[in-house]
Each structure stands twice: as structure tokens, then as C-alpha cells.
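Common to both upcoming complexes is subunit A, partnered first by subunit B, then by subunit C.
== the complex of A and B ==
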């Protein structure tokens, strides 16, 4: 005779159904169903993302046959040796590093600074935020061309304005240092608004009670910024830096439109060099090798930045 | 039985009829379409201006131009030409690209049996000037014909020479005389203590056409890019002296000229800010004739070859030539268009409607469509002869673009003072030797 407990246990026990498939078979079917849902996405990823990368790697180890527009025979590390022995490659990397070292911190500091300043409630704030989007949606080539006109020493308005305060005339595209400054100015004009938008959203999401507590404790504007807002924003600042780094490292279109990499080689960033070697010199194999080196370098540095940003998050 | 056989043959041939029509010059019902890949800078205007003229003679050949930005044109052309069924029947290519396209078998031999059979008896090959025609030649085979010829020429502003108290320059003027005048041509016209007109502007920016200025000086000084064996021959005293001359032009150029190329230098000249411009001759109309694009007039703008070096005057060839795809199924229609465009009649139409420079001696010596073309054609003929005698063109090789990019890099370094002329040219020579190897 079954007790009440036995009856409950029996009710809870799975009912054995002779027609039900074995658990192993069930798992297989389940897996197949899952994969069938994932397949289109995987196929798209492999086709659009992985295939071009593998193709680039493939031709970087081959002689490029212009007649078939594809990889010919395997040449091992020859293309990499060729690239590493080319001083122009190292010069371009150096130029890229100079650009990144100035442009990224400037944009992050300006972006968060502007966001902090416009974070108070005032009429027309929405319009100003909308206007901030304009530089981002202007095509880089148009931005480069437009700034080329603004900064032109002969016809540009910038030298006229500077002349009114007794500065200049400045040879924006003829002096190597100023040419790099021009590129940084144009890039900062384009991308600071992006950071302002992220920073504004981050500031609005900060807990208000902490700021109120700081105000009650008598913290002034600077202390509130330095001791409250910045520590709370560190994870967002770090993430923004990484996102912007990934965008900035690819930059070449502004240079192409504004300075063509000159004067001399002063603004010849690595991606412009790769582009020129591929599509002007038709040296696709060497360009592929350069692209792979840059890809690896970017991945390593991105990994380091992510690690550093996690450390910063822990620290604050 | 015979009637039955004939009927079968007719039936069997029926599906072929449209195909045969496609291979010919088309019919009103089934026109043939010829597609052309060209530089977007003039593809649209040719479509609008020249195709209707061609269709007056060949109404059943539909010609379509596809314009592609210059920087992408060669790569796109190569990609299309290497596909099993290319989209384009005619390729409109820049001067140095014929060897690259010929090497991959992209172009048909225009003097070969097939095309010769379709060529009109009055199509006069010998009437072409040697320099522009040679742009379409590779290893003795004529793959393309000149359709839009060009050469580097010197434009000068007569008013600025007069205001500086200088006589007009002549085609015999040497570089030494040019620089002596240049000193006087940089002037302050409004008395504010700053120069506001300058002596010269041209290509200085880092781009592949900038070395053509240095090369025209090099050639004028008797130097050459390659020696007889195809090895670089410019990293020497003549090369360095020529690069120093190019760099010296900056001393008499407007501020920011180191960043100037085609458009900026042209703009400066058109606004009357510089007395001399070294640029492509084809810009004459928009620089001296068309009031919509220039402040100058025909009477103000002189045109001639670049100053004389140690050997002769300077210039540089830059011809747009057109060839037929070796895989086209519309050979007859394609050649009909190309033959018309490069015939004496077509060339005159092209010159008068689209402003293209002709390559034929008969067009250059004949009565020009407009009076202003007279002195321009005279300068052009002189430049063709100078270019032919001094072999003033870019490196002829399937790797010419790679070599030109190396030159662009190193000439830019030399002009910007980031390397001495000797260093820049030695690096360029070493790299070009490797590229051409």
C-alpha cells in the first residue's frame, strides 16, 4: 500500500513513455534545431567577416597574380620580410602613433568636458545636442575637403581670423607639424561630438543622491567633478577610449582629402600607405601583409587597453 | 527534299540571327550596346556631347559610358578585364596603364587581322603624332589609340609680366632666365608690405603626378628615368639638380604651395595670383576662355612648353587612350565607335565639343574650330615633338604605377626638405629597381 508521500513522489516522477525518444537522440535534435537557427547568422559572419580576413591572410603569404586577381604560389614570409624592410612602413606606423597619441586623449577630454559643461538643464539643450551630430554624419572626404578650404593659407578663413588677433599667417598644409595638427583638428571636429553624446548619456545615468550628498557635504564644483563624477565615469571613459581607438586606428580618408599624406610624409598614416600600395601601386600581396601586421598590432593593443580599463574599474 | 533541307537550315539558323546582329552594327529593332569604362572626370560630358554625334552615323550602336573615379579606375578595369565575361567593351586608360593591361591580355591588337578587316581604308594611322600614338603601344603592338591627348605646358599671365616690367617669355627661355624673372614677379601690389602675387605654382603635393614636373626638368636637362637596360638612371647629378630646380620653385610660389597639386595651382593662376603655371594643357579653355571658371581672358594667357634645360625644352606626355577588350563580343560596334572618335572627323568633333586635345597632325595644322585654339595647337605640336625626342613620359612597365608611387613618396620628401635631393633619389632608385625586377 502506498503512503501519501509515495503517491506524491510517484506523481512527480516522470511518466515512462515507450514512444518517447532516447535522451541522447533528444539532445541531438535539440542541437540541430539550435544550429538551424544560428546557421544563417554564422553563414553571414563567415562570408562577410571571416572570409575577407582569411583571404587577406592567404594573399599575404602568396605572390599575387594580377591576371587572375588572386593568390598564386605560396611564398612563405617573403611579403612580410619585404614590408618589414621598407622604411616607409615604419614611418607610416610612427605617423599613425603620433596622430593617435594626440587625437585620442584630446577627443576624450574635450568630449567629456563639453558633456559635463552642457549637462545642466537649459532651454535649447536638445537642439545643441542634435547639432552636435552634424560633424559625425558629414562624409570624411567632404570634411577633409571643407577643412582644406578653411585652413588654406591663400583663401582660407582661418588665417584671416588668426590675422585679426595678430597670429600667423600659418602654412597649415606646408609645415609638417601644422599639417599633422590640421589632421588632428579635423578628426577632433568630427569625433568629439560622438564622445559628447556618450558622455552625456553616462552623466545622466549617474546616481543623483551621490551628488546631493557631495553638495550637502559642501563640495565645490571642482571637488564634485574630480572626486565624484570622474571616479563614477571611469568605466565609461575607458570604454569610450577603446571604441574611439578602434575607429581612429582605421582613419585615412580625412588625410586623403586634406593633405594626401604630405607634406613629404608628415601625415602619411599607415592605412593611407596600405591603400596606396594596394590600389595605386597594385601591390596587393605586400599590402595584405601590412594589413595583417596592423591587425595583429591593433588586437594586441586593444587587448591591453581592455585589460587596463578593467583594472581602472576595479581601482575606482 | 532540298526544300525541306533548306527549311531546316533556315530554322536552325534562326536562333543565331540575333547573335549575328549583336556582333555587327545592330539594327533599329536590335541595337548593339557598347559599354565603356572611363574616368568620371569626362565620362558624363562625352556621353552627352559625343555619343549623339556618333549616333548620327551609327544609329544602331548604343554607347554607354560608366564613369569611375580616377584613383579606382585601374583596379576596377583590371578586375573587370580578368573576369570570364567582362562587362566593358572599351577601356579608356591613362598613359602608363597600357603595359599592365596588355600583359594580362585585356586588350585587343588594333592593327591585328580582326580589327584591320573592320578598319576603313581612309583611317590614317600615319597622321597621328608619334608621341601620343606611342602611349597605346606596348612591345610593338598597338593596343590603344589616343582619344584625349595632353601634355604638361607652361601657362603665363601676360598682365603680370607687363606689370613687373618684364618681356613675355618665349619657348626658348632657359631655367636660369626663368628664375631671374621670378625674382621680379613676386610682388606686393596693394602696398601692405606683403607679397600678394607670385611667380609660379604647380604640383608640389605628395601625389603621383608631382614627379612629372621633376621629370620634365630632368628630361630637359638631358637625364632620363631608366637607362637602356631598364635600370633606374636618375639618381645622379642631373637628377639631383632637377629636383633642386623643382624645389626652388617653392621660393617663388604662394604660401602653402607645398600642399598644392592640380586644382590649387590652377585656382591660383585663374585668380591672377601667379604669373606662371605648369599644368596640363587641356585646362587652357577653362583657364583662359570660359568666364564661368576663370578671371582671365584669352589675350592674357600665353601657352608654351616648359623652360629649356641643359638639353632642350621640357614637357611631359599624359594621353588618355582607348582600347578594345580582348574578350568583347561586340568587336565591330566597339571599333566603329573608337574608329569614328579617333578619325579626322571624330577628333575634330571631340576637340570642338568636348575641348579634347587632338593627336593628329592634320587636326593640329588644320583650321581650328575656335580662333583661341590656334596658339594652343601650335604649343601642343611643339610639345609632342619635344616629348617624342626626349622620351618624356612615365615608366613603361606593367609595374609603372608602383614605380610612380615610389617617385611620389621620394620627390615629396625631397620637396619638403625631409631628405636631400640625393638621398631621396637614391632611395627612389633602389626601390624602383626592386619594383621593376
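== the complex of A and C ==
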């Protein structure tokens, strides 16, 4: 949170050197210099971002010609109509929503919870923080494969451990419900540390004196958490939620490596479905239409989240 | 009972000792200011009284209890922080009532006590506002309200006015004083502003480098500073100092050979030392210490003259007005009882003296 003085400082910052005269230079030279600096970034954005998006939009409104690998004649909303009529598309969306509905709150709560717990000063705190980063640096496909071994029904260590406390054996990837749980566990393992990192930074940046005031006021651990820490963290929690939401919508790699959408279609998230339709069934136009629908949905929902989080901030 | 005894208290961070044995006895209802430059340990001492820092050695007694191992909430103290430390998401009412709610005080009593405190501080119309909808002065008042509501034995203030602008600071200063006169609660007030300390406190504790330089009533410190440091720290504009040798009991020779006639001999009979005269204790005379006026700054009620004496810049404060012009030679006289003698020592550079309101 900015204090009044910070804000004024920030507002004044850009006019730090109002007296220095701009070097004389022709308008054309000036423009060229500017664009030459921007060119690499513009090129990168156009080739890697703008072109694929417009290409996708283009083919989503066309019949796809495999021979030229491009849009053939314009077919209007046909692809969209077909996709919307396809129950498998809705099933995949539902699977994605189930995954999001469990994974996001779990990760945010766990992430902030762990951060709050390890924020207390103690020896070895740094080491633990460093250890937390490991899951993030493991490639998602590797993580998926690793967890497939851990959760293997026959010789996986998870079932062995659960067996020790008298639970199981569980068919982690065979049962539809458990398969979704496995995906959520793996994803949570992978992404919670990231949230812990953000949350730790946020906790360290909180004003210490408010917590001291709470100590003097006699707030116990629990009411310090609920009456001081959580309200102060609301903006960061909301932002983290949006960041994780944007990352989680893209869920693909872990599912690909761990369950490949199975059993049945129990973990067939939308991105995996789009990928399958495009590169296995070669229905590029229809997948493009699905991708565009998902893109629009994501944008709308993100907008809603941002708006809601701003409302929440005003509330606090 | 709101007595506080600090007995040979020490504080180390790691191997670095910041408080080297500090003892103060504070009586019930007394207003004590801890004053000193940054890093002198005053805030650390206050935080130790509050229980926010451990006590490395020594004892702190509040009332008749040694509180070294007592949690902050059980010390019966309330603290006002420099940055107010209000709960940003709670309105004024809840900010002030929070401590009572933690103590499971009944709703009716909380309302009563919050409203009473709000009335004292003139916060009634603001009770439903959030801290960010308040001005700096109002926030500070809420922070004070939060302290009052608890009806503690001791109030602790940690530089509460340093975030306010000069005019508001003066206003809040008298509000704090009024509040203390009304509630008569023991108050320990940390500030780096000697004017705040002087105007507010019954007793001022001047700290420097982790030790107490002098404890005394404000005017005692002004009239009888025990050390060069206190002399330089207390008073605005600051005291003028001259280092030199006592050629005979009433003749003082500066380094460049200038000889100043002293109205009284050094009571301690030093051979070498520093003499100090406050700007307001000089008088313009027909004969006396010779100086050359460089700047004349009239403010109406008084006139500040910057002059050069033996190559050094000195400040002279004259009540009323004077016809003196820059470049003119003047002669300065000093009343015998208004000249201070110290052991020779470098005059402490006190940057913070300059930001006095």
C-alpha cells in the first residue's frame, strides 16, 4: 500500500530533469531511432503472438485445407456451430472447470498458509525457502512422469505409504475421481511453491508496526491472522488468484504426461481435447473455433475476476 | 499504579550492544520524554518497555511487577506508533475497540468506552470512516484513541508527530499535552525533536550513543546542561561554543590568539576547555567580545544576527529590533550566570537540530 508521500513521489518522478534540453535531431532520424529500438520486440510479438492468434481466428471461420495447410473458403459460423453442438467440447470444459474449482483455492490457501507459517523467524528458514523452489524448476512433463511413478497402483510409493497406515491400495489413475485428484495433487505440488514465494514477499512487505500494535492490543495468533494479516493481504491474494487462474486455464502438460485425459474422459481438460482434435483428428478449423471460444471465455472471466478483486480491495 | 522503573537495562543485537546500561525511575502520572539523535537507543528502549524487544540484561518494572518476561498485552501499556499502525481495513470504531474485543469486554462497554474516547479526541463524526479516509492528524488522533480506550497504566509514544507537517505538529503537541493533563496517565514519549521534548515533558531524558547523558526538568537541561552534548542538543538555535585556553581565570584565549574576557572564572579551574553561550544570552554592548555582523534576520519579536568572531560563525539572538547592519563591528556581552564551561571536546554535529519546527 502506498502512503500519500509515495504517491506524490511517484507522480513527480518522471519530471526529474525538466531542464535538460532534448538533443536536436531531425524528425525522421528520431522516428527511425525509436522504431529501430522497438523493432526486435515488435517482430517477436508479431511472429509469436499476433500472427498465431489471427491465423487461429482466420481458420476458425474457414474450411481448413490440409494440402495448403491454411484457410480455404470462408464458412462463417459453421465451425462454431459444430463445436457448440459437440457434447465432448462441453465435457472437456466441465472437466477443466472441476479442476480449476479445486486446484485454485487449494493452491492459494496452501500457498499463503505455508508462507504465513514459515514467515516466523527461525534458523534454516532460508534453506526451506530454497527447497520450495524445486518443484517449479522441474519440467512439467517430467513432473507428470515422476508422479505417475509415485502414484503407480502396483509399485508406487504413495500406495506403499498409505498401506502403512492401513489405507488403500488406491487406483490413482484408474478411478475417474482419483485421477482428477491426482492431477490436482501434482499441479498443486508444482505451483504451490510459486504462491508461497509471492506470499512470502507480500508478508515481508507488510507494515510491521500494525502487527506490533496487534500484539500490544492482545490479539492472539488466530485473530492476528484473520483481523490483520488476511485483510492486509487481500490485494495480493486476489492478484495471485488471477495469475494462477491464467496459468491453470492452460493446464495441458501434466495431464498429457500423467493421465492423458483418462480414464475415459475424466481428466480430459479442454486444452488436451483441442490438441487431440487438431493434431490427432486433424480437425484444425474446429479446434481453432474451440480455441477462440476458450480465449474469449478466459478473457471475460479474467475481466470479471479483476473487477471483483478491485471491489474486494475497496471493501478492505 | 503507573510507575516504571528501568534498572541498568542493556540491549544487544547479536554482539552489537546498542544500550549500555540505562536506569530511569518514572513516577506515576509523570510525562517523560526520551530525546536524542537517531541511533541513540531511545526507540529501542521504548520498544523494550512495550515488550516488542527482549531485554538483554537488567530489569524493567511496571507498577510493582518485573515485566521482562511478560507479554506486551499483559503489561498494561498502550503504544502510539510513528506511522500510526492503524488496522487499515477496520473503521475508526473497530480500530479503537479492537483491544477491548480481544479482552472479551462486553459490547455495551466497548461502545461506551470508544465513544468516550472519541468525544475526548473529537473523533465522533469520523467513527465509521476507514483510516485511509482520514488526514494524518486524524489518523494520529485515532491511534491515540486506540490507546486511551484501553485505559492503560502507561502510554508509550514513538515519535508520534514526525509524519505530520510543522503546523499540525504544533497543534497535536498541545493536544497531547492537554490529554495528559486530563488523564494524568504515566507517559513515555520518544522524539528526536528537542522542542517537543521540552514543551511536553515533566522530565526529559537526553540519550546519546546508548547511554543517558542527562535527566532533568526541561528548563534544568536548558539552564544547566551537564555535558557539551546536552548543551548542543537542547536549545534552538543551538548554543555557540568556543574552545581555547584559560590564560588566567577570566581570560580565555582562542586558537587564533583572540582573547575573550570572561565575566566569571571557570568554577572547575580548567586550563583548557570549551565555553558555551546561548544565542539569546548575548547582549550588544559598547565593549566586550568583538565580532563582525554578517547577516541580520529580523522576525519582528526578535532579531537573529549571524556574526563572525575570531573567524568562526556565531549566532546572536536579540529581543526586539536592532539597527545593526551587515559588516558592522559589534561588541557582545554575556551575563556571568549565563556562560557555560565544559571539558574541551568536539562539538557534536546534530543534523537533526535543523528540522525543528
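Here is the rule we use: the second predicted complex is superposed on the first by the 271 of 316 C-alpha atoms of A that agree within 3 Å, B and C clash if a C-alpha of one lies under 4 Å from a C-alpha of the other, contacts with A are read in each partner's own complex, and residues count from 1 in each chain.
Methods note: a contact is a pair of C-beta atoms (placed from the backbone, for glycine too) under 8 Å apart; a residue touches a chain by one contact, two chains touch by 3 or more.
If you're wondering where the values come from, they're calculated on a predicted model, not measured in any experiment.
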Touching partner for A:179 - first (subunit B), second (subunit C), both, neither: first
Partner chain in contact with A:282 - subunit B first, subunit C second, else both or neither: first
Touching partner for A:265 - first (subunit B), second (subunit C), both, neither: first
More subunit A residues in contact [subunit B versus subunit C]: B
First (subunit B), second (subunit C), both or neither touched by A:88: first
Partner chain in contact with A:113 - subunit B first, subunit C second, else both or neither: neither
Partner chain in contact with A:207 - subunit B first, subunit C second, else both or neither: second
Common interface residues of subunit A - those touching subunit B in one complex and subunit C in the other: none
In the complex with subunit A, residue positions of subunit C that touch it: 50-52, 71-74, 77-79, 81-83, 85-90, 98-99, 102-103, 136, 146, 150
For the subunit B and subunit A complex, residues of the former touching the latter: 71-72, 74-75, 78-79, 82, 100, 103-105, 205-208, 254-259, 261, 264, 267-268, 273, 398-399, 401-402, 404-406, 409, 412-413, 415-419, 427, 435
List of subunit A residues in touch with subunit C within their complex: 1, 4, 207, 209-210, 212-220, 223, 227-228, 231-232, 234, 315-316
Touching residues on subunit A, where the partner in the complex is subunit B: 66-69, 87-88, 152-155, 169, 171-174, 176, 179, 259-266, 268, 276-277, 279-283
